[in-house]
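Both complexes shown next keep chain A, but they swap its partner, so chain B is in the first and chain C is in the second.
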Partner chain A sequence: MIQSGYDPATAVFAIDQSRCIGCRACVAACAECDTHRGVSLIQLDTIDRAISTQTVPLVCMHCEDPTCAEVCPADAIKQNESGVVQSSLKPRCIGCSNCVYACPFGIPKYVASFDQMMKCDMCYDRTSEGLKPMCASVCPSEALWYGSDEEFSAKRTGTLVRNWQFGRQTVRTKVAAVVSEPGPVMITIGEKPTQWQDDPFGLGR
Partner chain B sequence: MAMTPVTEEQLIATYGPNLNRTPPGGWDAGIEIDKVVDTHCCFCGQQCGIKLKVSGNKVVGFEPRYDFPFNEGKLCPKGVKRYLQGSHPDRLTEPLARDESAVGGFRKINWETALDRTASEIKRIQAEHGADSFAVLSGVSLTNEKSYLMGKFARVAVGTANLDYNGRLCMVSAGAAGKKALGVDRAANPWSDIPLTDVVFVAGANIAECAPITTSYIWRARDNGAKLIYMDPRVTPAARTADVFLGVRPGTDLAVLSAMFNLIIERDWLDHDFIDNHTNGFEEAAAAVSGATLDWAARVSGVPASRIEEAAEIWGTSATGMLLHARGIEHHTKGVDNVLACINLGLATGKYGKPGSGVSTITGQGNGQGGREHGHKCDQLPGNRNIENPDDRAFIADVWGIEESQLPGKGLTAQEIMNEIHAGRIKGLLSICFNPLVSLPDANFTREALGKLDYYVNIDFFLSETAQHADVVLPGSLHEEDEGTVTTLEGRVVKINAAVSPPGNARRDWEIICDIADRLGAKQYFDYETTEDIFNELRRASRGGTADYYGITWDRVVKEQGVFWPAPEIGHPGTPRLYEGGKFFHPDGRAKFIPTPWRESAEVPDSDYPLYLTTGRVVSQYLSGTQTRRIGALVDQYPEPLCEMHPLLATNLGVTDGDIVRITSRRGTMVAPAKVVETIRPDTVFIPYHWPSDKSANLLTQRAIDPISGIPEYKVSAVKVAKGTGRRDLLDDRDLTLQGDQ
Partner chain C sequence: MGDKGQGDQLPLGSWVLRARVLSMGIASTPSRVDRRGVVVGSILVVLVLIGVYIGSSGLQWFDPALAPYLFGTVLAVFATAYRYIVWLRRPPTAMLNSRGWEAMRAKGRRGSNAVGLVGKLVNNILLQRFIAGRSKVRWVAHQLLFWGCVLAALVTFPLTFGWLHFESADESGRLYEAFLGPFATIQFDSRGFFGFMVFHLLNIAAFLVIAGVAIFLIRRMRDRGAIALERASDFAPLVGLFAVSITGLMLTASSLWMGGQFYAFITNLHALTVILGLLYIPFGKLFHIFQRPANIGVSFYKEAAEATGEQTCIQCGEGFASVLQMEDLKAVLPAVGFDYSFESGEHYQDVCPKCRRRVVGLAQVARVGGFG
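Entry: the complex of A and B
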C-alpha cells in the first residue's frame, strides 16, 4: 500500500458542495473501507431533482466538542487522538438515538441491523496509516478533498470554513466547507441567479 | 437459424443478468490478499488507474491508484465496483452450443467441437455465398493487441472485407472530422492542458456522468479563472456552474456553432496570423456560414441570440480555449459536420498547438482511441492507415507477409452490415465485444436480422442479449484476465495487467482467435507466443502511419506511466500535445477549414410525432450494460430507464413524476416511468439506452447514418408520448442512504 503520509491530526478534509456531480462514487467507495466493509456511511443528498441536479455529499464534520458525544447517555461516542469522532462503541451503545437527533449536521444514523449508531469515522484504518479516506480518494470532481494545508493553498481556491453557528450553539469542526469568499457566509435571497437557473431554455418565463 | 433457442425468461433464469453484490468470500471474510495489481478501469476511455486486490485467483476488491497521473486515485462508481464483474455467477466458463432442448437453451460442448464447427461454417458459407458473406463485428473494449488481431484475423484468416466495430456507434464522427481537417484522429491535448485554459467550451458532452474524472480538470480550470460554456439540451450536473448555458434543441448544434463562427468573423476576433500561416480554406468555410445570423440560429436552435453572442465573444476574445465534444454532437447524420464546425472555431481563433488550447473529442469507450487506430475499422489498416491507399495496403501486406492482392478492400460499416444481414446477403457472423441488439438503433430490426443468420458465433464473457441468438458461444476473457495496452482519450498508451487467469475453461480472446485462424489455414500468420508479441508486430505495422507506435514498448509504457503517440522512433519522448508550432498532419503541414452548410436531421418532429427524443448514458451504467447490469450497487443506483421530461410537457400530457408513459416512434414503442425535471427542454424527452428488450430506448431510434462516418443518429428521433397505465414511485436517493450492500 502507498503511504501518502498525511497526518490525520493536521490534514485538511474539505467539502465543496458546488463541485458535486451526484455520481455516488463516494457512496460506493465508502462501503469498500475495511473498517465497515459492505456498509456505506456517507450521505449524498439530492436537493430537489425536480428543479436541479444539485447534490450534496456529507461526511461527519468531526466537531471539536461533538454534540453527539455530549448528549450520549451511555458515553459510547469517543474522539480519537486526531480529533476524529468515531462510531458508537458497540458494548456501550443503547441505540437511544439521542445523537441522531442532536447532531446539528444530521450525521449519525441508528443502524438497525447492527443495533448501534454508526457514522463516518474518516476511514480510521486508512487515515491512521497516512492514507486518504475512501470518499475523498475517489471523488471524481474533488468535491470531497483530503490533503495537506500546503496542497490546498497550492491547488485550490476558496476559503475553508470550520466555525458554525446554530442558534446559540457555536460549533468548530475538523472537516471544513469551502466557500468562495473569506468572512462570515451570508445567504442572500434574490441575487442574480446563474444561467442554468435563469430560464435555461429561453422560455421567457 | 439464430433466433433465441428458448424464451427470454428461460435465458435470464440460466444466464442472468443476476446481480453480484458481494466480493468473493463475503464482506467480512478477512481474506488474505495474495497480490495487488496495478491496472486500469475497464469502463470508459479515461482508463483511470486502479489497483485490484487478488486472493486465490479471484479479484476481491480494489485500492485507489494514487500514483497514476491522470486520475490520482479518483474513480466513478463504475470503477469502484468494477471488481465485482469477476467471480460472477453469470460468467461463461464453457463453450456453448444452441440447443432448444437444454435448460437455458444452450448445452456445453468442448473447445475442439466449437472451434472446428466455427471454422467449417465460415468455409461453407464463404464457399456458397462469397468471401464477404461472412462478417466480423468487433469492439473497442478490447486492448490494442486484440483490436489489431481482429483486423488481421478478418482480413487474412477469414478474408472478408466486412469487418467493423462498435466504435462505429461512438467516436467515428470525431475521427473522420479530425482526419479531414487536421490530418490525424486524436485529442489535441493532454488533459493537463485543461486547467491552463481561459475558456472551456463543452459541446454535447455529459461529462459528469460519462467522463466523471474530467470534471475535476474543469473545476481546476474554474479555480484558475476559466469561463465555462456548456451546450446541451439538458442541464447535466457539470453544466450547473456554466457561465453560458446553451440549451440547444436536439440536432441544431450546427446552427449555434455556425452563428458563433459567423459572429467571430464579423467582429474580427480572428487570429489572422494563424489562419494565414497554418490553414487552408478559410474563405470557403466563412462563406458557408455567412447567412448564419444570431437571429436565425436562435430560431433554429431555441437558444436565445444573446447567449450565442456571449459564447462567441468569450471564445473569440480568449487567448486560449479548450473545446471538448462528445456523442452529443457526434451521434448525428451531420455528426462529422458538427465536429468540423468545432474545429473551424478552433482554427479561426488560433486555438491549437499551445498550452491550454485545442479542440478534442472525449472518447467514450475503454479503448475507443487505440482500437480505432489499429484494427477493426472497415476502412482502416494499422497505424491509422487507409485501406484504399495502395501504399498503405502494400506496407501492411508486407508486415503481414501476404500479397497486397490478398488484402480485402473497404467493407461495410456496422449498421450497414446489420442491414445486409437483414437483407439476407450476409449469412454468417463472428462477433466479439459487441452487443448490437442493445446498442444499435431500431432494435426490432436488429432482432429480425439476427434471426436470419445461417451461422453466428459469439465470443463473450457473459451471455449478452445478442449472444442469446448465437449458434455457438465461446467463453472469452475479461479485462482483468489478460494483459495488453489501451490508448486513452488523451492518446496515452497505458498497460493493462492481468490480475487473474480466465476461470474454468474460458480462454484468452487472442488465443481463441489464433485457434480459429489456424483452422482456417492461416496458422503461419498467427504464430504468437505472448500478448507482447502481438504488440511488437503492431508497432511495426503502425510505423510511418499517423498513429505511429514504433517507439512505444511495453517496458516504456510501464516505466513512464503511459506514452503519448506518435512516438516514431525508439527513444522518442512521445507527443502529449499535437500541432505545436502550428504544424498539422496534412502533407503541406496545414490544417483545412471545411465548409459546414446547415442541414436538418434525418427525422424531425411533425404533427404525428411532435417531440424530440434524445438518448444517452447514466453514470452507473456502461454502454449496453452487459457488465454493469450485473453489478448490484450499480443497478440499485439507476435500476431502469426513466423518461426525463420538463414539467410543462408533463402537464400537457397529464403526467406526474413516476407515472408510466408510453413513448412511440415510427420504429417502435416502449413504456417507462416519467422523471419530471426542469433540467430538460420542454420539446425533448431523454431516455438512457443501457437496457435490452422492452426497456430498450433503441426500440425508438432510427437507422439513419452520417454519410461520411456511418454513425447512427441516436441523438434525434421524433416521438409521441402518452400517459400509460400505472405508476411507479421513483426511488428517492435518500432511501438508498445507509442501505449498504448487506
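Entry: the complex of A and C
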C-alpha cells in the first residue's frame, strides 16, 4: 500500500554513469536495505584506473523478460506486479550461479556463506512504501536517480532509454539509462577503452 | 518484452513464459497434461499401495480408521511426483539434473563422491548449515520444524500404512511389543519412561513444530525485510503446520484430561488438517522439500566442472567460471528464447560479469553528449 511518494509500478529509476564520481555512498547505503541488511548488492566498478576516471554504478536493471529467471533451474527468481525482479527465493535457490553468469548486466552475486544468489530488488521495503531506494536517496551527483516522469522532465536533461541491444538480443528494462538521443543502447564487445590523451575532447566518437 | 529472436525456438520459449506467468498467478492458458508426470505419479502411487498391502501383511494390520490419511498420502504422492517431473522438464533444470547425475556417477570419482555425498547430506539436508549463515535464529526455527516434521512422518506413515503396530505381550497388559509388519521387534513397559516417550512421539513432534512456527511467525511480524516481501503463501505453511500440531495435541488433551470429550470431533479435525497439509505440499512453498536437495547435484556438478578448466573473459582475459557451466548455459539460453551471439561470431556469455558492467557503462556514457 503506497502511503505517499512514488508508485513503484510507474516511478522512474534512471542511471547516468557519466555523472558518477565514485564516492561509494551507494555501496554503503545499499547494505542498509532491510531486505538484505548488511550485504551491499549494488555493483560499482572502475573501467581501468590507468586510462580513465570513469566509474560504473549498476543496480539490477529489472528486465521485462529477465534472463536470470529464465535460466534458473529452481524457478527461484520471481517478478512482482511492479515489474521488480526479486532476489532469489531462499527456500528454492540451489546456488548454481546460472543467473550470475547469464545476466547481461552482470548484476547477481552468489553469496557462498548463504549458498544463495542475491541481487538488488530496488529496495522493495522502501519503494513499496513510496520511498526512494537507498542508493538513489544518497547519490550526491544523481547518477542514480529515482522519481516521477514529471520530476525527471522538470529537473533533468536527456532522454530515458530502456532498450538495450546485446548482439542479436534486445533487452527491455524497467530501470532506464539517461542518454542524449532516443534509440537503444548498443552494447559492443571486443573493444578496449583507449587512453583519454589519444582523444581528449572526444572528437573521435 | 525482450526480443526472443529465434522463430524456431518460439514454442519452447512461450512454454517457459507461460510457466512463469502461471507461477506469478496473473494469467494462464490451459496447458496439456504431462504424460510422463502422470506415468511416474501413477507408478509411485501403485508402489505405495503395494507397500501398504505387503507391509501390513495383506491389510491384516491396516487400521481402517487411518484410511483418510492414506487417501491424502496417495494424492500427495501423485501430485508431488507430477510437479517434480514437470519441473525437471524446464530446460535449465533438465540440464542441471542430467549434469548432476553424470558428475556423481563419473568413473574414477565414484568412491570419493560416495564419501562426499554423506557429508553433503549431513551438512545440507540434515543440519542445513547454509541457513545458519543467513541467521542463527532462522536456523534454529528451521531445525525445529524439520526435525518435528521428520519425527511425525516417521511415526505417522508406518502407522498409516500398517507397517507398525503394537501388541500386548503379557497378562498384565503393561508389556507391549512393537511389530514391523509381521516381525516382532522390541518389548517395553508401556508405563515406563521408554513407553511414555514412544506413545508421545507425535506430541514431542508437535511441540518442536509449534516452537519453530512461533519463531518464524515472530520473525515475519517483526523483520522489516520479511514484512516488505512476504505474501499470504509465506504464512500458509506456518498456519497449516500449526493447525496439524495443535489439533494433534488436542487429541492427547482430550484423552488425558477431558475424559475423551470431543475426541471424535477432534479426530476428524486433525485428519482434515493433515490431509489438507499433505495436499498442500506439491502446490506451495513446502515443495522446496523436494527441490532443495538438487543443491547436492549442483555441488557435484561444480566440482566436476572445475576439472573442465576455466572460462576466460574475451575482454579482460581473466577466468570467471568453469568451461562446462558456460557451455551448458550457452546451450540453455536458446532453449529459453535468448540469443546473445554477435554477428562477429563472438558470444556475450564469453564476457565476464565485471566486464559486462564495464561495457554497459561505457555504452551509456558514449551516448551522453553532455552533463545529463
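The rule we apply is simple: the second predicted complex is superposed on the first by the 179 of 205 C-alpha atoms of A that agree within 3 Å, B and C clash if a C-alpha of one lies under 4 Å from a C-alpha of the other, contacts with A are read in each partner's own complex, and residues count from 1 in each chain.
In the analysis below, a contact is a pair of C-beta atoms (placed from the backbone, for glycine too) under 8 Å apart; a residue touches a chain by one contact, two chains touch by 3 or more.
Quantities reported herein were computed from a predicted structural model and do not represent experimental measurements.
Q: Clash or fit: chain B and chain C on chain A?
A: Result for chain B and chain C: fit.
Q: Report for A:T157: first if it touches chain B alone, second if chain C alone, otherwise both or neither.
A: both
Q: Tell me the contact category for A:R19 with respect to chain B and chain C: first, second, both or neither.
A: both
Q: Is A:V27 in contact with chain B, with chain C, with both, or with neither (first, second, both, neither)?
A: A:V27 sits against chain B, while chain C stays out of touch.
Q: Looking at the overlay, does A:Q169 come into contact with chain B only (first), chain C only (second), both, or neither?
A: Only chain C is touched by A:Q169; chain B is not.
Q: In the overlaid three-chain picture, which partner chain does A:S88 touch, first (chain B) or second (chain C), both, or neither?
A: A:S88 sits against neither chain B nor chain C.
Q: I'd like to know which partner A:T67 touches here: chain B for first, chain C for second, both or neither.
A: second
Q: With both structures fitted on chain A, tell me whether chain B or chain C touches more of chain A's residues.
A: Per-residue touch count on chain A favours C.
Q: Kindly classify A:D45 by the partners it touches after superposition: chain B alone (first), chain C alone (second), both, or neither?
A: After superposition on chain A, A:D45 lies in contact with both partners, chain B and chain C.
Q: Considering only C-alpha atoms, give the closest distance between chain B and chain C in the superposition, rounded to the nearest Å.
A: Superposed on chain A, the two chains' closest C-alpha atoms are separated by 5 Å.
Q: Can you pull the chain A residues that chain B and chain C both touch?
A: Chain A residues touching both partners: 18-19, 37, 43, 45, 54, 113, 156-157.
Q: If we count contacts the way the header does, which residues on chain B are in touch with chain A in the complex?
A: Touching chain A: residues 22, 27-28, 36, 61-64, 66-67, 73-77, 79-81, 208-209, 212-213, 215-216, 219-220, 223, 235-245, 247, 298, 302-304, 307, 619-620, 633, 637, 646-648, 657, 675-679, 681-682, 732-734, 736-742 of chain B.
Q: Name, in rising order, each residue of chain A that touches chain C in their complex.
A: Within the complex, chain A touches chain C at residues 15-19, 33-37, 43, 45, 47, 54, 56, 58, 63-65, 67, 69-75, 78-79, 81, 86, 90-92, 94-98, 100-107, 113-116, 121, 124-125, 128-129, 156-158, 161, 164, 166-172, 177-181, 185-190, 192-193, 205.
Q: Considering the complex alone, what residue numbers of chain A touch chain B?
A: Interface residues on chain A, with respect to chain B: 1-2, 4, 18-25, 27-29, 31-32, 37-41, 43-46, 49-55, 109, 111, 113, 132, 134, 137-142, 155-157, 194-196, 200-203.
Q: Which of the residues in chain C end up touching chain A in this complex?
A: Listed in rising order, the residues are 1-5, 16-17, 19-20, 23-24, 26, 87, 90, 92-93, 95-97, 130, 133-134, 223-225, 227-229, 285, 288, 291-292, 294-295, 298, 301-302, 314-315, 320-321, 325-326, 329, 332-333, 336-344, 346-349, 351-372.
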